[in-house]
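Have a look at the structure below before the remarks.
Chain IDs A, B and C follow the sequence of writing; residue 1 opens each chain.
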Amino acid sequence: MEFTVNQIAAMLGGEVSGNGNEKINMLAKIQDAKQGQIAFLSNPKYEQYIYTTQATAVIVKKDFVPKKEVVSTLILVEDPYISFTRLLEEYHKLISFQKSGVEQPSFMSESATIGKDFYRGAFSYIGNNVKIGDGVKIYPHAYVGDNVVIGNHCILHSGVKIYADTKIGNHCVIHSGCVIGSDGFGFAPQEDGSYKTIPQLGTVIIEDHVAIGANTVIDCATLFGDATIVHQGVKLDNLIQVAHNVEIGKNTVIAAQAGVSGSTKIGENCIIGGQVGIAGHLVIANHTGLGAQAGISKSIKEEGQKLMGSPAYDYGEYYKSYAVFKKLPDFQHRLRELEDKVKKSENTSLSVD
Amino acid sequence: MEFTVNQIAAMLGGEVSGNGNEKINMLAKIQDAKQGQIAFLSNPKYEQYIYTTQATAVIVKKDFVPKKEVVSTLILVEDPYISFTRLLEEYHKLISFQKSGVEQPSFMSESATIGKDFYRGAFSYIGNNVKIGDGVKIYPHAYVGDNVVIGNHCILHSGVKIYADTKIGNHCVIHSGCVIGSDGFGFAPQEDGSYKTIPQLGTVIIEDHVAIGANTVIDCATLFGDATIVHQGVKLDNLIQVAHNVEIGKNTVIAAQAGVSGSTKIGENCIIGGQVGIAGHLVIANHTGLGAQAGISKSIKEEGQKLMGSPAYDYGEYYKSYAVFKKLPDFQHRLRELEDKVKKSENTSLSVD
Amino acid sequence: MEFTVNQIAAMLGGEVSGNGNEKINMLAKIQDAKQGQIAFLSNPKYEQYIYTTQATAVIVKKDFVPKKEVVSTLILVEDPYISFTRLLEEYHKLISFQKSGVEQPSFMSESATIGKDFYRGAFSYIGNNVKIGDGVKIYPHAYVGDNVVIGNHCILHSGVKIYADTKIGNHCVIHSGCVIGSDGFGFAPQEDGSYKTIPQLGTVIIEDHVAIGANTVIDCATLFGDATIVHQGVKLDNLIQVAHNVEIGKNTVIAAQAGVSGSTKIGENCIIGGQVGIAGHLVIANHTGLGAQAGISKSIKEEGQKLMGSPAYDYGEYYKSYAVFKKLPDFQHRLRELEDKVKKSENTSLSVD
């Protein structure tokens, strides 16, 4: 992957000052950049580096006037930071989706169908009747069970496990060790104290633009025709538990190690902190914010609340109570003192009477 | 997989009303069912659907009298819900255990022995001296280390990792990404502040009818001849941590993301909530119930208790205290007010004297 | 693997009493030991077993005088417990590093380079430009992405996933299902409520003598040239979350299911309990101790503190407050009683006036 400074400038709509034919193969910070790399200067604090950097090119603000000689070729743009971020995004896309072709040995059922620009890593497994769209990258050791449907431009990183019948939309990124479609935790207690397995026959539906972190688990729904649903734009961090029949609303974000129990419906645009636990069969309103380690035991009906504690309630109220909690030993002392005084005054009164 | 209505009726001990030769290949809810599917009607609320459903067959109570014409073939039974559940179970068993044969490439040591009706998925690995019983299904990417013993009718889902020397009983289901037999977390502090690894040389024993969720980890015991033991009928959810030398009693159920520290012995028929943490070297009595996110720092000796909080104590007491916790800022205010009043009255008394 | 008693005695610097040519192939406890095994006697409580054990050899203190006949060959040493521990360590090392050679099929890019005494399990994957040192053991289903560098004497257990560009030092042990280098959780909120992915372009650096438990996840840093760093001697238990740009200081130990949020720097020689959650962008001083389930929301500047609670503060203070928390319903009662009394006394005073 290599571009000329001119090509990059054209992409950014910027103007070149210097040799536009030089080759760029990497991005870097201005203070670390080496030959063949491109950096940016946005914060004036870093201006000193532009006079010493070995970067082949530097993106600068279009009104930048050097105070000394600059060796690097300059690309002049409106906003160097935004331009550099655009480059990073493009680079990331290139890197993420650069794999292609088929590494052997890999396993694909004859009944599976795949789209264009497909990458299938060594030891990847694609089961019967699987349907996969265009531009999908299946890394080594990924497992795609029978009848799974995957849309376009998805990445399944190494070791992802997708159980049979799962449906995944477009532009989803699923990280290593993530398990989708495992059996929900359903067991019926028997008279002798043992448990009987309740068959888990539903599926999982992952909509478009969903990101799922490493080693996160999403269980399938219990009943036929039902699905655990992760709606469009949801972002799940690592090591999260999503139980059977859960529904996670559009654009909701959940931090690492949180857990959502069975049949709970989480609204849209919620922000859920790390290690939060949500009980089963609840409804969480849109735009709910849950502080890290909160424990949710009741449905949250009003939108836009911020909660904290276990069981959780209003964030601000929790912190006020917690501030007093820290003083409880002092309270105990003061309460005893008051009791003594009041008792003494009662006795005094009595003796006075 | 296809059965006639007559075959299904015979299995359920029911009577057929209509064409018993029709073919059934799927189960469904009465409101969603299509041709070739079988549904049930138990709750009278749903009776309307029996007159419009496209289900090929419907299981109904034997005294059911239709108010309008019913197109579907009927199977008349004592209890339609129980009958349908039985069908679900049979179906689930068929689905779960339907895989058979060997997919290539897979790896099996010549010294390994396997039973009948074995499934070995592509890229599965079976090490030296492994012994596997009848009807075992080893999905793709599962790893079975040297000397492992597995009983009959077990399922190891895709990507399960079983370290060397582990013993697994009969009728166990182990979900994707589960790790069994990894090193216990044992390190001896040295004078220079570093740690020396304490070799973990024990094993793990999983008894019969144990279910283990996705990405759960069970460490091996520390000493030779010792084992971390998961007793018969235990059900473990996803992402659970079971440390070295732990013992989990018969029919105990543990919800997702709970963790049990080293050498703790959990009794029988306990119900342990999600994200519970249990410290090491404790004994937890039979029939203990632990609320979600509870933290257990002491042994629980009396059977049948329900605990909550961190550190946990009686469930009801915890909630009473927590109710007051929420009012602590108000308490603070009232305490100050009392102090003021008492001080004032003291001053008054003094001035009176 | 088989040694004579003489060979073992030589290794331990001990003296043999009995037949030194007998063969030993296993270690065991004195009460369980069988022929071909070696045990030890340290605690006098266990002396009875030395007269009945079937162990081929027993390690005893050099001044041990049997009261009855002993059949086993004896190895006389200064400290039998320490000697046995040394044997365990040697045995563990032998076992852990005994695998060698290449099992097929496995995948290694032609551009990868490897050292001596290498083990590459079936279905392991080694990407482009990977550099691996001497004595490294890559178990089945391990994935080593492009450009990864691994030092000497490391073990990657079955199913470990190392993303591209990660650097791992010497003498590291990484357990099954561990994921290193997955994308950090970075998403920029957009005006329409959706999120845009912030490319995660940094790497992970794991220094020497680091142990990482099963299914633990370590995310890569966000920016080019930055790294999430796990310093020398760190020990991480299972199912831990380490977010992007985190730094974990030398010899710090973290128990299972703890989570460290983005950009937090943890000092050296800290001991962090299970299920602890640490917020992002904090600095944790050296020698900090965090109790299980603690929630850390502020930086900890003073070294050597022990904290507890969520949000966490001084361990002892927390427990004092928690002791009062349990009595809060009683407090409520006492507070009301006081209020009544004071009110009554006010009224009395008033009526007196």
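Throughout what follows, a contact is a pair of C-beta atoms (placed from the backbone, for glycine too) under 8 Å apart; a residue touches a chain by one contact, two chains touch by 3 or more.
Here the structure is a predicted model, which means the values were calculated and not measured.
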Quiz item: For the sequence-identical pair chain A and chain B, what is the superposition rotation angle on Cα atoms, to the nearest 5 degrees?
Solution: 120
Quiz item: Where chain B and chain C touch, do the two copies share over half of their residue numbers, giving same, or under half, giving different?
Solution: different
Quiz item: So how far apart, in whole Å, are chain B and chain C when each is placed at the average of its C-alpha atoms?
Solution: 26
Self-check item: Multi-chain contact residues (two or more partners), chain B
Solution: 105, 123, 141, 159, 177, 215, 239, 257, 275, 293, 325, 327, 331, 335, 338, 342, 345
Quiz prompt | chain C-touching residues of chain B, taken from the complex the two chains share | solution = 105, 107, 123, 125, 141, 143, 145, 159, 161, 163, 177, 179, 182-183, 185, 187, 193-195, 197, 199-201, 215, 217, 219, 223-225, 239, 241, 243, 257, 259, 261, 275, 277, 279, 293, 295, 297, 310-311, 313, 317, 320-321, 323-325, 327, 331, 334-335, 338, 341-342, 345, 348
Practice problem: Would you tell me which residues of chain A are touching chain C in their complex? | Solution: 26-29, 32, 88-89, 91-92, 103, 105, 121-123, 139-141, 157-159, 173, 175-177, 209, 211, 213-215, 233, 235, 237-239, 250-251, 253, 255-257, 268-269, 274-275, 292-293, 322, 325-329, 331-332, 335, 338-339, 342, 345-346, 349
